[in-house]
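Lettered A, B, C and D in written order, each chain numbered from 1.
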Amino acid sequence: MELAQLSLFNQAVLVLAALALLTSFLMLAQGRKLPLIYTYGWQGVLLAVTTALVAYVTGHTHLYISAALTLALKALLIPWLLHRLAVRLNVQRENEPIAYPSLLLLAGAALVVFSYYVSLPIVQFAASATRNIIAVSMSIVLLGMLLMITRRRAMAQVIGFMSMENGLFFAGVVSTYGMPMIVELGIAFDVLVAAILFGVFFFQMRASIDSLDVDRLNRLREVDE
Amino acid sequence: MSPLILAYLSLFCALASGITALNAERYPWLLRYGSSIWLGLCGLLAVGAGGWSLIDEISLIDQVRLGLPWLHWHLKLDPLSGFFFIVVGLLVLAVSLYAPGYLQEYVHSKIRSLASLGLFTGLFVFGMLLVLLADDAFVFMVAWELMSVSSYFLVVYQHQHSANRRAAFLYLLMAHMGGLAILLGFGVLASFGGSFTFDAMRAANLSLAWASIAFALTFFGFGMKAGMVPLHAWLPEAHPVAPSHISALMSGVMLKIAIYGLIRFTYDLLGDIQWQWGLAVLIIGAASTLLGVLYALMQHDLKRLLAYHSVENIGIILMGLGLSMIFINAGRPALGVLGLIAALYHTLNHALFKGLLFLGAGAVLHASHENDLNNMGGLIRRLPQTAIFFLIGCLAISGLPPLNGFVSEWLTFQAALQAPSLASGVLRTIIPITAALLALSAALAAACFVKVYGVAFLGVARSHKVAHAHEVDIGMRAGMGLLAVLCVIFGIFPAAVINLIDAIPQMLLGVKPVSATAQGWLWLTPISPRVASYSAPLVVIGIVLFALISYVLMRAHPVKFRRGYPWDCGFGALNSRMQYTATAFSMPIRRIFAPVWDITEQIEELHNPTQPQRTEIIRHQLHVQDKSWSRLYEPIGMLVIAAARRVSRIQTGSIHTYLAYSFFTLLLLLWVVT
Amino acid sequence: MTALWLTLLIPLAGILLLAFVGHLRAAGWINVVLSGSTFITSLWLALTVFDGGTLISPGRMLYIDAFNVYLVVLTALVSLTTAIFSRPYMRHEVETRRLSGRRMRLYHSMYQGFMFTMLAALTTNNVGILWVSMEGATLATVLLVSLYRTPEAVEAAWKYFILCGVGIAQALFGTVLLFFAAERVIPVRDDALLWNVLYGSASQLEPTVLTLAFVFLLVGYGTKVGLVPLHNWLPDAHSEGPTPMSAILSGLLLNVALYSLVRVKMLVDGSLQNNLAGHLMMGFGLLSFMVAGLFLHRQRDIKRMYSYSSIEHMGLMTFAFGIGGPLATFGALLHMTVHSLTKSAIFVTVGHAAQIAGTQTIDKIRGLIMTQPSVGWGLLIGTVAIAGFPPFGVFVSEFLVLSATMKSWPWLTVPLLVGLAIAFAGLFRHLHPMVYGEVPEGQKPVRANMLPVMLQLAMVLWLGIAIPVFLAKWFEQATILIAGSSPL
Amino acid sequence: MTAWLLAALQTLLFLFMAPLLAGWVKRVKCHMQNRSAPSLFQPYRDMAKLFRKHTVLAEHASWVFRTTPYIVFGATILTAAVVPLVAVQLPTTAIADVIVLVGFLALARFFTALAGMDIGTAFGGMGASREMMIGALAEPVMLMTVFTMAMTASTTNLSEAVLFTLNSGLVLRPSFVFAILGLMMVAVAETGRVPVDNPATHLELTMIHEAMILEYSGRHLALIEWAAQIKLMIYAVLIANIFLPWGIAAEFTTEALGVGAVAITVKLMGLAIVLVVWETVMAKMRLFRAPQFLGFAFLLSLLGMLTHVILETGG
């Protein structure tokens, strides 16, 4: 069913979802740390607004709470935490050279096509309004993983991990209008603790191998002898 | 009071002997006397139970509420297991007499834990007896591997030397693989029979293909444990390193439990036997016989030589079984029974004389702390009675007429000689050739044991320790004496033994070997008096008669004896180094059968620097290696290590590759599923 | 019901209590007392379930049936024995200056935290809460892995955190899809994630969505179980963390992950007609079994070697659950119990062996039997048991799994047997020089409490010889639940 | 009872004829090499002299050395009792068949080798080692010829085999031709005749059988020599009676026994001549050429068996 018949709010939801996907691509190509954190922040904002819109459109009041939670956690608290860490570890001006950025983006596009292909059988059962956004949410998850695989800096990997969590949260919102409240709280709490622990780990890595370059972490291997 | 109760009592005594030895650290006499008495009791009861069930030809079944909830332990004592009960019982009895004396030396050396020696001996005997009673695959496997594990702990008892550790590891690895193959064989039968009890397996009707697979697997498993040629490499490593009375038990009895397993599986569970199986068993048996004796000839470590020799005797037993399988399939059950009787009789004989020889080797080791033949010599004067028993053992194992080794080999020959009655021409040619191989191995065995006895006991002592050896104590001599007497008795009265054994073919094949003892106890006529007959008692009477006559004549014309120097071609001053050593003795045979071994021989001539042409010292180094190591065992080891190296490339250490692994697994699965 | 609440609340209280008092010398004893009381309440819980059948908490938040109650008891038991072992072990670590007092506080509270998350995962009725507690378990142990602050420990912790985080994220997506499929069928929105409700309406769930959900959950929880392509974090995490933690990680966490995987498989089997879930699990299980067996041959570090042995056994269990027949399931359940008991006993002796030799590299550990017979013999008999030799229980479960494979997939028994032989060769090749041989100079026995090892090996031996009737009935109820029919 | 008496008589006859055969061989050999020959009864005189002489024992010799001559002689007598010399259906042949006969000879060889090593000098060891090598290679050939005979006559009992060849009349069997040649070569190797070992030599390094009994003297040497002569006669009688049994007495009437005695003496003298011709023509082989010699003998007996299986039993 093409865009025209959808109500204005539905169209807005689709636009915001597309923008969130765009932020994932931006993060994929972004070398510097601070813009990376800000893009992640923007992705959080977009997801929160989409959730609020979906709540308004479908009338599921409890979605407002999870929207607020996302906004507070993923748009403000975690980016602020990461920013503070980047400044204290003075890695904010580091520019990580990304090998073959164009190839990476092409791979990202292929992932989006793949996740659309994978989510086809699910789509016809989904609720009408947010049906085809499931593919978008799945591709945000896969792009997050791709980001973690391709980046050498620990900070970039954390952000990849966090954007994956965003994708998952968005999938929950989109396909089933959010999970039961107790589960939402649990997930939010876990993500927060994970972020704190990442911070702790940054300092431990700095202390032990005095660099945040993940490729330096290859002492435990069995391939050479 | 039934044989089964006796069997349970003997099992209990075996366990008791293990447990009494538990605090042998503080009270060493507990191990030397306490557990040995229990072992002796266990041996007696085992012989009683076995004998009773064989004579009355009854088989008793029982269930014990242990094991899996739906598969309680099924136990059964029938003539076949009764016979093997006797074999185990006799040797355990002899070892229990022998052990106190032998362990005296272990008690004083502080570094080894006596408790583990006593405990695992008890468990070892318990495991063996339980295997014989097992009537379902679960108990069989539990007892089988209990036997393997406890004997592993005994082999690794003196674990200071790295060679012992390597031998023990190889032994446990091959025992484990053998066990797994047997488990798979039982699995095949169980999947057709419905459940793991032997009765269900007997009822299972398998297609020819599945039956052959099951047979191949169990033959591989039992053959590995018995020490068949391609899979024998662990035997000469493991048996010599265990304490001598344990290697006597292992070599004498544990190999027979593998033979029992093979007979139980092929004759009892599989039922209709194919001639291809028989041919395979015959050929592998012949190969084992010949290669076993050829390897044994090259050894100069006494216990290693005896261990290699077990490979030869197992080969003879396998040949007997192979022949009987071929005849049964060819519709000649009478001849099949003859082959089976020959195999069983040789099992009993081998247990006796191999046990005797190992105990003798232990006595020599105990007396002179010397294991290498090239340092022994002249022991007949230092250990007179051990020398007599060892001589009887050597005569028996070389298959010389009056003794028991000859009778079972003679029966195997008679079975082979009936080949013309078979239909297929191929078999008619192969069987005589294998029989010729058996003859060659018997003669080589005689050569080997002339070497052993001649170098060890006769001639002049080659080392100081051996020159001052002292006779072993009464217990050890009693153990050896018992086995020697049994060897002689079973050699002189074969007909009586065959009467005892004929309950087994009656049970397994439904045919009694009536003709063997038809002519009364005096004659042994396997097929018919016309075809072949051998009367051992008359031969012995002839020898005794001749001895009397010559004694009387000698008494009549006494002649003085004078001791003089042996002929030394006039050079004078012969010393002990001029005698033929074990390596020298086997040199001709080594040069004839050279391709059988990996021989590395070096002769270094050290010249005096001042006069280059005069050779100061000539050093001869010889290393004879079993060919199966370089052909079979090392390649497999290399294969596994190479595979492991390739596989370990997965663990590259970089987190990106790990993430990539899970990412691509997810994508692959998603692609597969949709 | 009170037993259920107590079993959960005691560890929770433990976290807070030990957070303050963890650095004291008595902390070890408090830890033991807490684990002991959890074990007693879990026994009490087991008895109530054994008589009264499945138990659902009033708020339908907790759900106990035959399957997870035996895992709860097993978890509590192994945590008790490991706590007993960890008291002297950790004091030795503190004395030898490898750990500071402050970190002991973190260690003890996280120990109880780990217990709480695992018990919660086992007892919860809500799939979402199951995911949350699995994530909680990961978070609790990640700090323990990097307790020693060596570069290797930090690296292992980082990899453990990232890989398990990514894995768990997949599982979350799977849970979302599960909820998506369930929500369409179950009217009440809030109990669309409850196990008992889901089982009730399993047949109406949409098959295609469920397959996708199962794939994500398989990859997610499979990472936690340590199936081969996803196993890379496991050897690093087990070898770098403190030994008590490796014992629990190896003995219990893998079981809980497999428990959740089997729960999902029961659900998926209900709706799908074909046995796709079973085939996938068998494929992964067999692959892990073979590859881990080969890995054993190249190990340098003793704890890494035994962690690969855990991967191998988890592979065997996944394979058995994959086959799915009553016999295979009974065998897998028995194998889970016996493996946990033996593996944690082995890790206890490995810990003491490492302390005796002062290092974890296999080449430098020599003559254990001579230095300290209890440790040497414990390690030897433990490895004999884990290698699957008969008198011990591992052989019985392997015997059952092999006979089940022989019935349904005869040709698969060959790789199984080859795998068993290779794994056995790998284990014993390294064990032999360590346990036997002369004592290297300067090697002194260590203060060690071998009671837990004796206790657990005796239990494994008892299971090997004769499975007690009540345990058999327990497993039988669980098998009926999972596979539908009873093996007896 | 007369059968047992006859058997005893035949054994005694066997014992006392053996030195005569040895004397005859010696005599023919000397004529062949146109040397003046000693009298036929020289071996008897040597034996008598040796029985009266004192015995000198090596200083380290144990009881094995002293009892070996009696055991060797006893075993050889038992073998002689079993082999049908003049008559066939004797009860003693039932005591042991051909394989047991080979076993007795192996027993004798075993103890001689042990005695050789008992002295403790290099020669004893060398002789024993070479004797066991030759014995080991000869036994399969001997048994292969026994198989050929047993397969044709479907019995291993000597008298039954002789009766079978007797009753089946003049039949030319290729397998028997090969078997005879094989048995002859084995006989040469076993009794230590020329190509393998030179009985008349005193050069220690070349002799095999002589080296083992180097230290014997007096009564022991007499017994050992006698046993060797009986062994030579046993092989000759085996070749003669099994493969060319014509003339042997089938029943116990006096004229049949007379004819049998005459027949066997003629056959033995003929065989002796063949042996002597063989020995003068051949020269002693190097020790490690003996395996080829015995390998060839094994090939002959194997061919004998194969021809029997393929040709004679009709596939």
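A few remarks follow.
The rule is short, and it goes like this: a contact is a pair of C-beta atoms (placed from the backbone, for glycine too) under 8 Å apart; a residue touches a chain by one contact, two chains touch by 3 or more.
Everything numeric here is computed off the predicted structure, so don't read it as measured data.
Looking at chain B and chain D, not one chain touches each of them. Centroid analysis (C-alpha atoms only) places A farthest from chain D. Closest to the middle of the protein, by Cα centroid, lies chain B. No other pair of chains shares as many C-beta contacts as B-D.
Rounded to a whole number, the gap between the C-alpha centres of chain C and chain D is 78 angstrom.
One inter-chain figure worth recording: chain A and chain C are separated by 31 Å, centre to centre, where each centre is the mean of the chain's CA atoms. One simple way to say how far apart two chains are is to compare their mean CA positions; for chain B and chain C this gives 44 Å.
If you average the CA atoms of chain A and of chain B, the two centres end up 70 Å from each other. Those residues of chain A in touch with two or more other chains are numbered 118, 121, 145, 148, 157, 214, 217-220, 222.
Multi-chain contact residues of chain C (touching two or more other chains): 158-159, 162, 166, 212, 235, 295, 298.
Working note: touching chain pairs come out as A-B, A-C, B-C, B-D. If you check the complex, the residues on chain B that touch chain D are 377-378, 380-381, 391, 395, 398-402, 406, 410, 413-414, 417, 419-420, 425, 428-429, 432-433, 435-437, 439-440, 442-444, 446-447, 450-451, 453-455, 458-460, 523, 529-535, 538-539, 542-543, 546-547, 550, 554, 557, 559-569, 574, 576, 578-580, 584-589, 591-592. Note for the complex: chain B touches chain A at residues 648-649, 651-656, 659-660, 663, 667, 670, 674.
Considering their complex, residues 51-60, 62-64, 70, 73-75, 77-78, 81, 94-97, 99-100, 103-104, 106-107, 109-110, 113-114, 116-126, 128-130, 132-133, 135-140, 142-144, 147, 150-151, 154-157, 160, 204, 214-215, 218-219, 287-288, 291, 298, 302, 305-306, 309-310, 313, 315 of chain D touch chain B. Taken in their complex, chain A has these residues touching chain C: 118, 121-122, 125-126, 138, 141, 145, 148, 154, 157, 161, 164-165, 168, 171-172, 175-176, 179-180, 182-183, 186-187, 189-190, 193-194, 197-198, 200-201, 204-205, 207-209, 214, 217-220, 222. Only residues 65-70, 111, 113, 138, 141-146, 148-149, 156, 159-160, 162, 165-166, 168-169, 172-173, 176-177, 180-181, 183-184, 187-188, 190-191, 196, 640-641, 643-645, 647-648, 650-651, 655, 658-659, 661-662, 665-666, 669-670, 673-674 of chain B touch chain C when the two sit together in their complex.
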